[in-house]
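Before we start, here is the structure in question, set down as structure tokens.
For reference, chains read A, B, C, D and E in written order, and residue numbers begin at 1 within each chain.
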Amino acid sequence: MQLARVCGNVVCTHKYESLTGFKLLLIQPVSSSMAPLGRPIVATDLAGAGTDELVFFVTSKEASNTMDNPLVPTDASILGIVDEIEMLEWKE
Amino acid sequence: MQLARVCGNVVCTHKYESLTGFKLLLIQPVSSSMAPLGRPIVATDLAGAGTDELVFFVTSKEASNTMDNPLVPTDASILGIVDEIEMLEWKE
Amino acid sequence: MQLARVCGNVVCTHKYESLTGFKLLLIQPVSSSMAPLGRPIVATDLAGAGTDELVFFVTSKEASNTMDNPLVPTDASILGIVDEIEMLEWKE
Amino acid sequence: MQLARVCGNVVCTHKYESLTGFKLLLIQPVSSSMAPLGRPIVATDLAGAGTDELVFFVTSKEASNTMDNPLVPTDASILGIVDEIEMLEWKE
Amino acid sequence: MQLARVCGNVVCTHKYESLTGFKLLLIQPVSSSMAPLGRPIVATDLAGAGTDELVFFVTSKEASNTMDNPLVPTDASILGIVDEIEMLEWKE
């Protein structure tokens, strides 16, 4: 799974039928120093995440395993809201 | 899923048989500021997307879940046309 | 799927048994301006592609869906030869 | 699989139900010279890894194959703790 | 599949049970000019590859298709040793 920060809602009236009813959030993956890194992701939200929260999300086939209907074509799902990361210092 | 802008049509007379009948669009993934980022993608279009539209697309195995025939070998499908993204300001 | 240019043949006498009989081509993914971008890929060829041709290829599980035997361990297959891309101008 | 160093614990009270009971570690993928490279990963730990250890982890669908319940939506699992890497010199 | 050069052995006494008996090699993906590119990979070896050899490997679900037990959680397997690549000149 990867860490990301919720950065927006995706509004989309014209979408693939089986995605109806899912909240789509735009999330930005972050580095270990919590800086934005790489492309933003459109994810289905399974954790009730709100704006600006730090979350972790799962990708690929595992994302659709979280659906009652395994054929929902999602490849990114938010699984949890991160309370805290107990970081260790990096030793070279 | 990822955000992309539709940037072209792929014309291709010589292709794998089970792809016949699908519209293939060239789409360019974008950053959260909507700048082009990374390699362009050839995607099957399931949302009736037109040129220059902002879309979101699914990759990997989930892309072929969108097909009536799950053996259609696509790894990228356009699922929706984005009307609007309600963006939040990034807080460092 | 992604765009690539065919850049070589991979000659390989010692290989995993179920790959016997497949043509392996070295292809170089390209950007939307057709410049080389990223690592080269060793792909099974299902489109009769020749040297220097622009092709599109599928990755991951979908690549092995193109095989009569779904257990052939390929993760990249050339699906079509691109005749033309009708490109649109990028609007910032 | 990829090499990573364990760099933290992810504390998360609000998470997807079937992940309950799994230890989630934040790991940082490394280059062959063991320098941090790319985004950190939140992984389920199957090897009893501790802080600062060098581990290898598996991604994608194979990560959930390691679960008794294959529907646990993990896409990264730590499989082993590396004792030593017998490195060869790189010949250009 | 991708090209890589074998750069080391991974020694690991504490590992996930079903990986027992497999040789784990550290391989470095290479560019088309055979320069190191990107993160090193820990791969199961199915081709009897030795140190410093140029190999090609398969990733993701297809890697575990090469196992007698499809639940062995590997996401990278060496499939062949490259004898030669007949390269073509890149035409801009």
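In this section, contacts are C-beta pairs under 8 Å (C-beta built on N, C-alpha and C of every residue); 3 or more make two chains touch, one makes a residue touch a chain.
If you're wondering where the values come from, they're calculated on a predicted model, not measured in any experiment.
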Under the touch definition above, the chains in contact with both chain C and chain E are none
Rotating chain B onto its identical copy chain E by a Cα superposition takes an angle, to the nearest 5 degrees, of 145
Looking only at residue numbers at the chain A/chain D interface, is the share used by both copies over half or under half? Answer same or different.
different
Can you check how far apart chain A and chain E are, centre to centre, with Cα atoms defining each centre and the answer in Å?
30
Rounded to the nearest Å, the gap between Cα centres of chain B and chain C is 19
Spell out, as numbers or ranges, the residues of chain D touching 2 or more other chains.
60-61, 63
Among line, ring, star, complete and other, the chain touch graph is ring
Given the touch rule defined above, the chains close into a ring; going from chain A first to chain B, what order do they follow?
A, B, C, E, D
Note: in the complex, chain D contacts chain E through residues 1-3, 29-32, 37-38, 46-48, 56, 58-63, 65-66, 77, 79-88, 90-92
Parts of chain E lying in touch with chain D, wherever the complex brings them together
5-16, 19, 24, 26, 28, 35-36, 39-43, 51-52, 60-61, 63-64, 71-76
